[in-house]
Every structure is written in C-alpha cells, then in structure tokens.
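Some structures to go through are shown next.
The same subunit A turns up in both complexes below, where it pairs with subunit B and then with subunit C.
Here is the complex of A and B:
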C-alpha cells in the first residue's frame, strides 16, 4: 500500500465520519433531554431514505433538496410521535423498561409498514453524481461522499448554532446538564422535550436521506446503522456533541481500515467489538477523558 | 384487607389451575392427538421456557435484553454439534446450557457494571454480530444451515416430554428465585439500584447471575428445539424475529410476574401459528402494535387484566347473590 492509497482511505474515513455524526446526533439530543434511547431511530433513518427516494423518483426532486425537505417533514413527524406516544410514558433519569419497549415497538411498526408499502427488494438512488469522482493529484474523492459530507457538516453547524444562540437551544442544554436545575430556572420540560424529539427525528430522517445517496436500502436498512449510532454515542459519552464527532471519526477509521484485514461481511461484528471495548475501557466516552482530567486538575 | 383476600384468592385459583394444566399436559399425548397438535404443544413448551427465562432478567431484574436469540441459537448449534458428535442428548443439552452461559458472561461482564442503557444497547449489537458470524462460520455450514443426524427411530413423544420437563424446570426456577433473597435483590435493583446497593446487594453480581441462569435455560430450549427440528440455520434460530418473540411473550403475559410469561408464551405460541401462516409479513407489524398498546395501556399484560378483572368479577358475583 502506498501513500496515496493510505491518504484515500483516511479521506474516505473522514467523509464517512461526517454522515455518521449526523446520523447519531439526533439520538444524543433525545437521550440527553429525555433519557430515552430512541430505538425507533433505525425506523426513521429508513423512512428518510424512502422519503428522499420517492421525491426523486416521482417528482424528480434532487436528493440533496430532498434531504433539506426531510428536515421540516420529519420534525413535524417527530413532534406528532412525541405527542401521541412518547409523552405518555413515565419519565425518569435513566432509560426505563416502558420507553425501550415503546420505541422498539414503534421501530417494528415502521419497518413492517415499509415492507407493506415498498416490498423487500433493495432500492437505490442513482443520479449523475453517484458515480463521478473528483481528482486532486493522485487522491480521488467520490463526488457523492463529498456532497453528503458537506450536507452533514452544514446541518451539524446549524444545530450547533441553534443550541448555543437560541433560547430553545439553551433550554435543551440546560436539561441535558441538569434537568432539576433546568426546571427551577423555568425551562418548560414537556415543550422542550417535544421540540427536541422533533429535532432528533428530523436529523434521523435527513441522515437517512444522506445515507440513501451512498448505499442501497430496504426496510431493514436502519438496523445496522442503529448499532453504529449506539457505538458512536457511547464513545462520545452519550450526551456530548464534541464526543459524537470524535466517536464518529473513530468508528469510521476502524471500519475503513478493517477492510484491509477483514472480509466486508464481518463489519457489524466490528461495530459491536468497538462497543464492548468502549464500555470496558472508556465507560464515560471520550468526553469522560476531559472531565476526569478536569476533576484531577 | 379485601384487596389482599382477592389477591390471595386469585393466587389460589392460579396455582390450582397450574396443577390441572400440568396433569393435562402430562397425560394429554397419551390420548389420540395428531402429530401436528403435539408439535404445536412442543413448540409452545419451548416458548414457555424461553419466556420464563427472559423474565428472570427482564422482569425481576428490570434489565431488558433484545438478544436472547443469541443464547437460543448458540444452544441449538451446540446441541446439534454435540449430538452429531455422538454425545447423548441430555449431555448435549447440558453443553448447550454451558455455552449459552459463557456467552451471557461475555455480554454481561462489560455492561452490567454500568448503569443506564448500555446493557439493552449491547444486546441489540451482540445479536446482530453473532448472526453475521454464524452466517459465515464454515464448521456449521454457514448460511446454508446444519443438519442433525441422530441414530434411531424418531419418537415425537420423547421430544415432547423433554420440552415439558424443561418448561417445568424453568417455572420452578422462576418461582424459587422469586421467593428467595436473590429474587428480592433483583426486584430491588429494578426498583432502585442505588437503594439496593446501599442495603448490601451487589447489583453487578445479581444481574450477572440472573442473566447466566436465563441464558442456560434459553440455550437448553434451543438445544431441545434443534434436536426436534433436526435442521437449523442462522436466519432461523438466530433471527431477529426470535429475539422479538422472546421479549414479546413475557410482556403480553405480564412482565415481572411468575405466571405472566407462561400465559404470554401460550398465547403467543397459538396465535403465532395462525398469524405466520396467514400473514407472513404482517405479523411483526401486529407485534409492534401490540407492544406499543401494552406499554401504553396495560403494562402488566394479561396478568394485569386478570388482577383488575378479579375484584370486578367478585363484585358482580356478590351483586348477583344479593339479587337472588
């Protein structure tokens, strides 16, 4: 393997990390504010993929625009799901049995509705962009990955802005840090939770659309990405946005470079092994490293 | 006071009912039942075992696992390899239990130390990972499956009684645990882990032990099933559906109770038979809907309905007595 090959792998890992981060951030928001692990995340990723696909096939809407449209659509969908189902289960400071079961049930429902509507054959979105590449010396960038990376980074930047500059964002961060103190200073928990759930689902839908531009998909689509999202947020320490970026990069690097030594169909085992390693070595995630150091200092 | 009487009354009825059901199940196959009916009973008894096993960790201990298909599948494959290697079936089932227990430690050791969603998350991961590994594992034929060659005549009733004995064992273990200090420790962990460990319970050890016992029972059930089916493949015994089914049954019946998982397994066993035959695609959709509805409206499942219904029934009976 020469330097250019190595560089290609590193770059494609970085590009992959972008979409991985976008895919995981929705789960972190929901977990942070409500302490609910959104198992239905996989279902919304899959729906996002079909949403972008249908817009492209039926109305010829560019997938990238489809992803932009996915944000408001899935935001409303998420708020509806919260209003209909999620707000009815008891809240707690750690994930409860009802919340896991409810969202797992919702995942089953979404997945099998999709089977009824779209059947179980694999679909993919093919645009002129899909196969084109961009050369920079001996290093090649696949065009789709560049576009997807750009979109992922743009959406994450937007989220960062909302979280730091708006009242809603501050309420979200307050609830994530200390929900009791948040209530005391007047954060409306129920409304913040509903909007956060909407934002979380919006990111799931949009990330699903981005993933659909790179991979083929079926109603089973979300399952493997759900595991990856878990690994990333566990690596990131569950509630840290910087942690997610690092977690996404770690997973993307490990997956990309494992291709050199392991056959591709062992990939899910890689994500799981990384999860176990993370739980044993870094139970607080990479973010825990800083806080531990800060406490020592 | 009245409520207490009602509960102990309902408990008496349930245990009497249990004895009757047991007697019927033991004698039933001696009558003239069709092989298909016996097969259905056999499968239901296997479900009862895994459902009761799941409830030990998920119900008593409050640790939800989505990955019991791993133990079921590993048990099935271990027993299959052992039987083909000429080991006697009972010993093969013991081996299946041991392998499943070891696997339970691999999941439990890294995750039970931590609180929060780690265990539930890891169980989803491990079931995906193990299915992939087994699909590519050449010793057992990979994705194309593995056949069990057992010498001698196939006698369905042997299999039936093996499943019956195993189901009885599972229920006995469940009752014993629920009444022991260990069971109380598990419930305490479910309700409040901090308080439990303040009172001297070691949550890590208790969760690990419950998980291992449940895995052993589930692995044995997988082995009993594999010996009956004589052919197993990763998309069957390790399937996502199996993992869903194992968690659905105790929830239908009443999670955290002794008889709920049994009732849930019976309901599931019979309903699933009809549903899968008539709606191969729709049944998971229905299970998802059922899960959502139970969580929202009757978290205690059938047992919860029964508990609510019993005082009501008693009141109606009393009202009738006054009228007549």
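Here is the complex of A and C:
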C-alpha cells in the first residue's frame, strides 16, 4: 500500500467520522437531559431516510434541502412523541427499564409502520452527486461523502452555537451537568426536556436523511448505526458533544485502519471490542479523561 | 359477598372451558380440512428483513405454481380417489435464522403440512435444513445451494439451485472463454471478496478449482471474506484497490452488492471485469445505481432470456399474476420447486410424507424452466442444472453471454471505464 492509498484511507475515516458524529449527537442530547437511552433512535434514522427519499421522488427536492427540512419536521415529531409518550415515564437520574422498553417498543412500531407504508423493497437516492468523485492527484474524494460531511459539520456547529449562546442551550447544559441545580436557578425541566427530545429526534431524522444519500435503506435501516452510536457515545463520555466528535473519529479510524491488518469480516467485532475497552478502561469516556486532568491541574 | 365472588369465578371457569373447547374444536376442524379436502404445503420465506425482496419473488413463484395447479383442478391423489387443491401455509421468517428454523418446525408439526418449501439464502437454509429429517417431512429449498446443506446425508432435503461451487467454476470458465477469444489477456490477476458464509466458501472453491485445472489463465492475488449486511466496505475496497488486480469478483447478496458497488464507484475503482456472484441484473440495483451497474456480469440459476417456450409462457403468466416481470432468477427456481413437489405427490398417490420423499428422489420435470430444461434431484437432493452468465448492458439491457448456445448477446470485455 503506497502513500496515496494510505491518504485515501485517512480521508475515508474522517468523512465517515462526520457521519458517525451526526447520527450520534441526537442520542447524546436526549440522554444528557433526560437520562433516557433512546432505542427508537434507529427508527427515526430510518424515517428520516424515507422522508428525504419521498421529498426527492415526489417533489424533486434535492436531498440536501430535504435534510434541512427534516430538522423542523422531526423536531415537531419528537415534541409530539414526548408529549404523547415519553413524559409519562417516571423521571430518574439513571436510565430506567420502562424508558428502555417504551422506546424499544416505539422502534418496533415505527419499523412495522414503515413496512406497511413502503413495503420491503430497498430504496436509495440516486442523484448526479451520488456516484461522482473528485480527484486531487491520486487521492479520491467521493462527492456525496464530502457533501454529507459538510452538512454534518454544519449541523454540529449550529448545535454548539445554540448550546452556548442561547437560553435554551444554557438550560440544556445546566440540566446535563446537574439537574437539581438547574431547577434551583429556574430552568423549566419539563419544557426543556420536551424541546431537547425534539432536538434529539430532529438530529436523528436529519442524520437518517444524510445516511440515505450514501446507503440504500429499508424499514430495517438504522439498527447497525444504532449500535455504532452506542459505541461513540460511550467513547465520547455520554454527555459531551466534543467527546462525541472524538469518539466518532476514534471509531472511524479504528474501523478503517484495523482492516489493513485484520480480515474485513472482523470489522463488527472491532467496534464492539472498542466498546468493551472503553467501558472497562474509560467508563467516563474521553470527556471523563479531560475533566480528570483538569481536576488534577 | 364471598358467595357472589364464588359465583363469578364459577361462571368465569365455565366461560374459559367453553372458549378452550371452541378453540380446540376449531383447530381439529381446520386440521381435518387441511388433511381432508386440501393438501397443506408449508412455505417459509423472508418477506421482511434484509432478504425481503428475493424472498418476496420466491413466494410469488410458488404462489403462481399453486394458482395454476388449483386452476387445473388440483393434484390427483390416488388413495383419496380425487383431485385435491393445494393450500399454502405461509410464514415470514423475517430473515432471521432462529425464527426460520422454528417456523419450519411449526409447519411440520402443528400445521401437519405434506412438505415445506423455502429457505432463501444459505444462512436461513442451513438453519431450516435440520428439521426435515427430524420430522420426516420433505423440504425443498428454492434459494440455498451451499454444500454444507446437502453434504450432511440428510434424507428429506431437496434443492432447486445447483451447487455454489459450480457457480464459481462457471464464472472462471466464462472468464477463461474470454481469454480464449482474445478479449482478455492470459495471466490476469484476480481479487476475490467473498461473503463470510458457506456460500462464499463454495464460490471461492469453484474459482480455485477451475484456475488450478487451467494453469496460466489467471492468478488470485487477493482473497478475503466480509460480513453480510455491512454498512461500509470502504476499508475492504481500499485493500482490493491496493493489490492492483485486473478482475474483481465478489460474492454478495443483493443489499451488499448495492452498497459495495456504490462505494466501489465512489472510490474511483475500475477493473477489466467485475462480478458480484449471482447478483447483477436485479431491478433494485439498477434503480439504486443506474448506469453504474453496466457491464457487471453474474452467474445465475435462471434467466428470463432463456430461449425456451415454457420460459416465455412463465414470464407472461408471472407478469399477469404479479403485475411485474420476473426479476433475476428468484421466482423461477421456486416455481419449479412447487411443480416438482406437485408431480411427486401425484406420482406417490398418497399424502404420506415418506412416499412423497421417495417420489421426489425420482421425479423429472421435463418442461423445467431451468437451463437444460430437465429438473431432477441428485443423490444428495440437489439439482445439477448448469448456470448461465448474464451481463448488464446500457439502457437496462441484460444479455445471456455464456454459454454460447444460449447467448442472446456478446460479452463486452474488458468492460469500458
């Protein structure tokens, strides 16, 4: 393998990391504020893919614009799901069995609804961008992955802005750090939780739309990515957005480069070995490592 | 109060007993009906999950055969002295191995079917294949061909797909014929990416067998397995790219073929010849990838382009029955599987499962849709019909390019960049 091949692999890993980060951030927001592991995340990824697909097929709307439209649509959907179902779960500082069961059930319902509506065919979005590549010397950039990476970075930057510059963002961060203290300083927990759930689902829907630009999908879509999102948020430290970006990059680099020394069929094992290692060695994730260093300093 | 409660419980107990008796009598009636007026045939296929599409096509093939048999009055069963309709007992296994085996067991025990058809894909077929001998009920797989299924000495299993190593052998033989015709040079390097199942192993063995018997034609410079259903093949493809092979042969399922080919194009890769095993001409792939599927070739068990009268008839019947044309080989092997079973039942003259099994061993469908036009099961229960090689061409055209006596067009080799 020459230098150009290695460079291709590095670029491939970075582009993959962008997608991984975008699909994991929604889960982190919801977990951070509500301490709920959103198992229905995969269902919303799948719905996001179909949403962008339908906009493209029926109205000719560019998938990238479809992803932008997915944000408000899935935000409202998330708020509705929260109002109808999630707010009825008893609140806790730890993930609870009822929340896991409820959201797992919701995932199954979404999956079966999708089977009823779209059937069992694999769908995919084919645009002139889908298969085009951009060459820089001997290095190849898949156009669609560049676009998806750009969209993922833009949405994550937007989220960072909202979290640091708005009242809602500060309320979210306060609840993530210490919910009791947040209540004392006047954060309205119920409303913040509802909006956070909406934002988390909005990111899931938009990430589903981005993934649909790269992969074919069916009602089962999302399960594989859900497992990867778990690895990323554990690596990232469950409640840290910077940690998510680093967790996504670590997973993408390990997956991409480990294939050079291991057979390709070990790829899924690599991701889950990483999860086990993170849980044993770094239970607080990368973010925990930083905060420990800061405390020591 | 206690008395009233006791009275309520008494009524409830009676009501429960009544419901249980009602359900029991209904189930007895339905079993009687299945055994009395109709021949119950179990069909276990994936119509949800990752194998949903091929499973759906196979189901359609079986249902078309059942529809035609029933239209003709049914199957004559000598010991009943009458023609009997075929009743399909269908279960969707959701592309899940454990569920698949459980449903075959259920069909063979609770539903008391005469035989079971199904088992699309090696993984699901392998899971199901342990049940037939356990329950002494014939099972015909219409979508699994790995040697591990047919190499265990089971007595009640049959298959309408030729062995997968023959697919690999035919693929290499086709490439060899291109060398003989001067379209490809001798000594080209081949990279193999094989699905991590017995199907993949058999495919690789078939290619190796041909290459070893024909030295100097090709050289395998890379061979690696991958897991089915992966979301990302970029690492594997990068490894393939780095070995600078001339020909890339992958053995993949439909979903993996679409994902891998998409990433193949996105990685800027190109080879003189490209194949995804038995996948290539599927409409879903064309829809997902457009012209990026052009010039891909595939070794398949059946093609609607075969120049037989019965194939043309089947294609038009299938179109009328389902509203769409046959997509690749999937419905044809299932259709013939059901017809072979019907012939075996008629020859047996009884619904005794062992008698039907014995007839399946000798049955011959002389108007088979499959290449060679004759379907008969070998000593291990598997058919041995030859493969045809098809190649995708521009404007959604698909031609049979090998063997030459069935060819509808010339192979384009090397494929244009």
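Odds and ends about this structure:
Following the convention adopted for this analysis, the second predicted complex is superposed on the first by the 288 of 297 C-alpha atoms of A that agree within 3 Å, B and C clash if a C-alpha of one lies under 4 Å from a C-alpha of the other, contacts with A are read in each partner's own complex, and residues count from 1 in each chain.
We take it that a residue touches a chain if its C-beta (ideal position, glycine included) is under 8 Å from a C-beta of that chain, and two chains touch if they have at least 3 such contacts.
What you are looking at is a predicted structure, and each value in this text was computed from that prediction instead of being measured.
With subunit A as the common reference, subunit B cannot sit beside subunit C without a clash. Of the two partner chains, both subunit B and subunit C are touched by A:265.
Once chain A of one complex is fitted onto chain A of the other, the partner contacts of A:169 are absent, as it touches neither subunit B nor subunit C.
In the superposition on chain A, A:9 makes contact with subunit C only, while subunit B stays out of contact range. Touch criterion met: A:88 reaches subunit B, while subunit C stays clear of it. When both complexes are overlaid on chain A, the residue A:145 reaches subunit C alone and has no touch with subunit B. After overlaying the two complexes on the shared chain, residue contacts for A:108 are found with subunit B alone; subunit C is out of touch. In the superposition on chain A, A:279 contacts subunit B only, with no contact to subunit C. Shared-chain residue A:218: touches subunit C; no touch with subunit B. For subunit C, the stretch among 37-45, 73-81 or 91-99 that collides with subunit B in the superposed model is 91-99.
In the superposition on the C-alpha atoms of chain A, the part of subunit A touched by subunit B in one complex and by subunit C in the other spans residues 115, 224, 263, 265, 267-268. Those residues of subunit B that touch subunit A in the complex are listed here as 58, 62, 64, 66, 110-111, 113-118, 120-122, 124-126, 128-129, 132-133, 135-136, 240, 244, 247, 251, 255, 281-282, 284-285, 287-292, 294-296, 299. For subunit A in complex with subunit C, the touching residues are 1-2, 5, 8-9, 12, 16, 115, 120-124, 126, 130-131, 133, 135, 140, 142-145, 214-216, 218-220, 224-225, 255-260, 263-265, 267-268.
Per the touch definition, subunit A reaches subunit B in the complex via residues 31, 37, 39, 85, 88-89, 94-95, 97-98, 100-102, 104-109, 111-113, 115-116, 223-224, 226-227, 230-231, 234, 238, 263, 265-269, 271-273, 275-276, 279-280, 283. Only residues 47-50, 52-53, 56, 193, 196, 224-227, 229-236, 238-239, 241-242, 254-255, 258-259, 262-263, 265-268, 284, 287-290, 292 of subunit C touch subunit A when the two sit together in their complex.
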